[in-house]
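Got a structure for you, written out below as structure tokens; questions coming shortly.
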Amino acid sequence: MASNYSQKAGLPPGTLTYLGVKPEHDIKISMIDYDESHLEMKVIEETNVLPTYHAKSTVSWINLDGVHNLDLISEIGKIFTIHPLMLEDIANTSHRPKLEEQDEHIFFTLKMLFYDESSAELSSEQVSMVLGKNYLISFQEYEADIFDQVRERIKSGSGRIRGRGADYLVYALVDAVVDSYFEIIEKLEAQVDLLEDRIQFEPDKSDFHQIMKLKKEFANIRRHISPLREALGFFEKSESKLIDVRTKYFFRDVFDHILLASDSLEASRDRLSIILDTFNSTISNRMNQVMKTLTIISTIFIPLTFIAGLYGMNFHYMPELQWKWAYPAVLGLMGIIFIGMIVYLKKRKWM
Amino acid sequence: MASNYSQKAGLPPGTLTYLGVKPEHDIKISMIDYDESHLEMKVIEETNVLPTYHAKSTVSWINLDGVHNLDLISEIGKIFTIHPLMLEDIANTSHRPKLEEQDEHIFFTLKMLFYDESSAELSSEQVSMVLGKNYLISFQEYEADIFDQVRERIKSGSGRIRGRGADYLVYALVDAVVDSYFEIIEKLEAQVDLLEDRIQFEPDKSDFHQIMKLKKEFANIRRHISPLREALGFFEKSESKLIDVRTKYFFRDVFDHILLASDSLEASRDRLSIILDTFNSTISNRMNQVMKTLTIISTIFIPLTFIAGLYGMNFHYMPELQWKWAYPAVLGLMGIIFIGMIVYLKKRKWM
Amino acid sequence: MASNYSQKAGLPPGTLTYLGVKPEHDIKISMIDYDESHLEMKVIEETNVLPTYHAKSTVSWINLDGVHNLDLISEIGKIFTIHPLMLEDIANTSHRPKLEEQDEHIFFTLKMLFYDESSAELSSEQVSMVLGKNYLISFQEYEADIFDQVRERIKSGSGRIRGRGADYLVYALVDAVVDSYFEIIEKLEAQVDLLEDRIQFEPDKSDFHQIMKLKKEFANIRRHISPLREALGFFEKSESKLIDVRTKYFFRDVFDHILLASDSLEASRDRLSIILDTFNSTISNRMNQVMKTLTIISTIFIPLTFIAGLYGMNFHYMPELQWKWAYPAVLGLMGIIFIGMIVYLKKRKWM
Amino acid sequence: MASNYSQKAGLPPGTLTYLGVKPEHDIKISMIDYDESHLEMKVIEETNVLPTYHAKSTVSWINLDGVHNLDLISEIGKIFTIHPLMLEDIANTSHRPKLEEQDEHIFFTLKMLFYDESSAELSSEQVSMVLGKNYLISFQEYEADIFDQVRERIKSGSGRIRGRGADYLVYALVDAVVDSYFEIIEKLEAQVDLLEDRIQFEPDKSDFHQIMKLKKEFANIRRHISPLREALGFFEKSESKLIDVRTKYFFRDVFDHILLASDSLEASRDRLSIILDTFNSTISNRMNQVMKTLTIISTIFIPLTFIAGLYGMNFHYMPELQWKWAYPAVLGLMGIIFIGMIVYLKKRKWM
Amino acid sequence: MASNYSQKAGLPPGTLTYLGVKPEHDIKISMIDYDESHLEMKVIEETNVLPTYHAKSTVSWINLDGVHNLDLISEIGKIFTIHPLMLEDIANTSHRPKLEEQDEHIFFTLKMLFYDESSAELSSEQVSMVLGKNYLISFQEYEADIFDQVRERIKSGSGRIRGRGADYLVYALVDAVVDSYFEIIEKLEAQVDLLEDRIQFEPDKSDFHQIMKLKKEFANIRRHISPLREALGFFEKSESKLIDVRTKYFFRDVFDHILLASDSLEASRDRLSIILDTFNSTISNRMNQVMKTLTIISTIFIPLTFIAGLYGMNFHYMPELQWKWAYPAVLGLMGIIFIGMIVYLKKRKWM
């Protein structure tokens, strides 16, 4: 899981570098151009049609599902006059969520999270957005279906999305991503629920490893959520003309959702730490049972064995050995010791 | 306990979605319309009478005891021109306490907490309020009797409630909810008291589980209280015309109560952690007693058993066996070892 | 120790409720009226003399040593036009330290702490003060002698108290209370000192319980001190005409004292946690000694006992048994094993 | 690792003192003077050529790879009128990262980190920079190759460095240092990865020591990173004319990198603490296995040995000894006890 | 170590009280009066010469090496019109570092720390300073040599001290004290170094006590350093005419030193906590060794002893006893069990 950010060391700032494992697919550029009355959806093959959309007053959403073609990114950068450091941030997929304002653009980056239930692996993908006047360019690492619902809403014209600007589109996309966080958190919560039930009865080593695994995953999600909270806060405070005052209320809403996600995460972490305490206490309790059993057996039989050993000695002059009632007497003595020990142990609540 | 927020994923913002388990009862709309000289209480059957109240200069308190009829909520939204995101927040019952200000409305949401002593279960219900000019619309998930005292006060005209505006009514309702928190905290405190007494004598596994249960419940309450504290702080700072300056002093008071509740909670948590330390120490102390007993018995009898075993050997030429005083001599030696061990163990304070 | 704040639930705000155990004594109203040249001290029987003092330009200090007579408090409230919520706060003795400013009054409440050394119990009493123009009304739960020193200084005219206003009197009273905190902290510190000495030698269960007790008491005191620090900070920042600028320097001084008390408390808590670590380490070290002893005895004698058992077998054909030197040889072998084990254990530093 | 800052005690402020181990090499002064059209690189032998560069409008970067020649530093200080306290900070190599603004200069100091993989040792070197109008003087403790990439970029004219001022050069150098942090963090992350794999199977003492070692190193790096974050924040807020507004965006970028490094560090620390928990749990689990084995063996054989000892007694009147089926009966009894014990232990899941 | 602040309880504010153990020496008043061209050093016998210095435009540094003569302090207070609360703070030696500004004076107090290496005891002494126009009055509890270096610099005229005002003198003294902190921190760091080496091999109880001792001392130093940091911050922000703007840069420098000291302290605390973890782990590891040995010996010999006991039984009809090869067969069986056990234990890595 070591990151590989250091590959960039030694390069001049603004140098585009792709840090991920280079995927094999070509980058698909999809375009949706819309306003209340108009809708155009297509896949763009040649970047030379883009300057047309730059100039239009309709909202143009250009989505790239790959950032490993650096020439392409740099070309788009030129068409829309995006700052070189923004382009660098787009290509560099190990960024933390942040918002950057420049004169003509707002740059926003966050992580999509995916949770594969079969392998119980959490993975993430970086999404970057460049918001300009009347257009939004979004960059994903791979094709993912989280944005499909937004496309659907634009297509069907449901909700208020068609009547608003590109800033509202940013909100809609961020909201879709944040909603997807809840799905993952809830999947993990369900695992915490299961663990909580199981831990009270027969916790074993595998439960411990699952506690640790969940702990790691919650820490992981939190790493993406807390800077995102901060970055989202900037939308509300932003004085950029690119953000409509009506949209700010919506950003405030998605900010509240992130707080809620944060809260759920903290609640799960709290529960996990209670589960860990319970696990440790159960293990230690079981150990105590083991030690008690050892002590009971030893405490009872070691003295008895000594007495038996005593009369197993071969001295010639041991008068007791000749006595007729010696054997039953010794057996009786042993019985008394045995019962005495049991009573003592019961009294101390060790049995 | 997994939340189910993710059901909303993919829906356009402002879509009303009810996330809870759909209760079967119909939603009752109760209305209290009052000023100092006038009082009208009734159950509203048709929403078409509501616009009348919207216009009146008396305070109109409209209470709905259910949020699962989305058509009804949306209709009320239209009558009072409530922002779609506010309506969405009302229907979504997994919100954290918050205050939202809009031009015409202040939206406030918090949780009622209920503690069922027989099952020792903590449950919560969301209450949302929309404060407008001269009216307050409150939404509960179920019918709950916490607000009855406020109704009683309006009816009897006791206190200053009849002479003040709808903002004061918000305060009265929030105050009623916060007061009910104290009841729950005190019930839990009483359990901590009991636990504190019991833990010093015979702590067992069930005590541990109760400590963990209380810990979880305190964490739970805290999750509702800390954002509420924050949200209440906004009332004081609010510059909205909807909040009278005289009412702010009252909000400051309920804010102080929340701080006090917070303090009590922290104190209980501190006590709980001392109880846990004591529990662990007692368990470990008991274990040490067990191990000491094992060591004492072993240390005393193992050497004695060896000596007995020695003279149980069957060699032909063991001159001691023939000696007349050998047996008493060996018994004496064993006695000396026995006493010596006891003295040694007493000196080391293990007995 | 469960609080009983919830008794107030359901009452309209501003309702006077006494939450403590109702003491049996009557409330004594004592009055000191003074300026640089004039001094009048008396016990007031009838509240109808109070309006006279309200109007006077001398400083009037009215002290009530009980808050359970709600009629009386409400009467005084009327005479001095005190806000109903302030009166409620006076009667409610489970408040956290706070300062409230109103047009005509400053309300300040804090806790007196008492430590009974014989029972080692910490108790607290609430003191509330209402500062008005030229007068101060103070409310105690019981008669306590902490304020006697201030009375003495007024009587004797020592210090600058007679030449200053009612705000300086507030300072003098708060200073007296804060100084009394130091007495308690020092008594507890002395116990920490004793514990620190004792813990290194023979810690036992009672030491553990004392550590926990002190921990609880420090947590308790801290609960009163930290909001007080905050509340005192407001005196300095206050822009009320009731607080003379010259007095602010004195409030800054008592604020510094609270910081110092806070520091001492933290230092004691740090020391206590070191004591707890030492305690745990000593207990675990002692346990290790026990286990080592068990291991030493077992390791040495179990193999020897086996050898003895071997030659205690009754087979007919055991040629060694007939040999003349077999017995001494076996004894020698046992001796070698014994010495070998001791050497081995010494080498591993277990003996 | 004790620092040696106290050697300065007793000296007047502004006294140049070199605290490190004095290296033997002479200080090399290298100079790069450039603007977009001009480039001059040389090694300076005599400081008397420096005043010329002071006056020039091209960017002059003077780099010293040693700070142990105090006369030289003081001479340079005079030529560029650097504040004596700045000179003292340059010579004192145990500083924490900081930024100081003076009328004519901005002083910035940070640490280069080096990680020697063969010895697994982390070392650091202080770099100080004095930014003046059109010139930058940088001071390293030893010659290090981190800055070579920047030199290369200046030489080749790649990127925008040749067209910008000395402030951009500061950024480029700081960026180079920060990028080198990632290399180290990633090397340590790789070790954490290895540890994470190994710990689940056969953790041993050496793993514990490596966990502790990494913990120490992460703490060490963090000590350098957190004040650096603070100091870098000042560049953005600075209102000095020495910092061009266009360069601020770049400082914001390197600030983001430091945040990212900080995040990675925290993530590694979290993982390390999970590894430590796993280590401890595994060790304790293994111990439990050991104790269980002891208990199983003892529980089974101690009672059996007692029975054998019983019939090894030498009493004359033990009727069972004469019975024909006594021996097989006792063997059978032992077998039953043996099997019974095994069943019992299996049932309790100890076997 | 209990403080004795409570002796002041009940006294009017501004009452001079000396809280320390009263030293026996007389208070020496030493005076240094200087400007760039002039220097006068003498011991003052009578306070009536002081008013002369009050009026002079040269810098007058009056140092008292004792604060137990309250009459003297009060006399000086009158001469220089020092606020009574400042005088009280001077006499009260249990203050936390702080800065107070008044119209004519700045009061500053901090702690000198002393570390006696032979007894390994940390002690502290309070230094208070009253800065007025052209004069500085400093109060120490005992005569200490930390200020000698500053005296030396004034005498020799080295550095810039003679050319600056009394504010620079304050800086010089504070700087001398802060530098002395480093000496102590480094001495303690050296102990941490030693501990770090020792702990990996043969940690014993005394190491534990040293860890705890160092922990206590670091906590102690921190208690003095953190409020000092705060207080020093005020110098920079101060708008008093008593502080020259040029001197602020120097206060910023000493502020940085305190941050550095703080950092070193934190680093040492981190290292100490790693040492403690290592200690605990080593102890627990050693214990595990002990338990393993016990288990090995028991596991091997308890079954063998049982077999020996079996054939030590005295039944008449035990056919095996008569068989010729029974004895060697049993010996062989024992050998097989012995080797089998060893193999099993080796496999589980317990041997």
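List of remarks:
Letters are used for the chains, namely A, B, C, D and E, taken in the order the chains are written, and counting of residues starts over at 1 for each.
One rule holds in what follows: a residue touches a chain if its C-beta (ideal position, glycine included) is under 8 Å from a C-beta of that chain, and two chains touch if they have at least 3 such contacts.
Everything numeric in this text was worked out from a predicted model, so none of it was measured.
Rounded to the nearest 5, the angle that brings the Cα atoms of chain A onto chain D is 70°. Here the spacing of chain C and chain E, counted between their Cα centres, is 26 Å. If each chain is reduced to the centroid of its CA atoms, chain A and chain E end up 42 Å from each other. Residue positions 291, 294, 298, 302, 305, 309, 312-314, 318 of chain B are each in touch with at least two other chains. A single ring links the chains, and its order as traced from chain B towards chain C is B, C, E, D, A.
On chain B, the positions that touch chain C within their shared complex are 149, 153, 158-161, 171-172, 175-176, 179-180, 182-183, 185-186, 189-190, 192-193, 200, 249-250, 252-253, 256, 259-260, 263-264, 266-267, 270-271, 274, 277-278, 281, 284-285, 288, 291-292, 294-295, 298-299, 302-303, 305-306, 309-310, 312-318, 348-350. The residues of chain A lying in touch with chain D in their complex are 1-6, 8-15, 83, 85, 94-96, 98, 100, 102, 202, 205, 208-209, 212, 215-216, 219-220, 223, 227, 283, 286-287, 289-291, 293-294, 297-298, 301-302, 304-305, 308-309, 311-314, 318, 320-327, 330.
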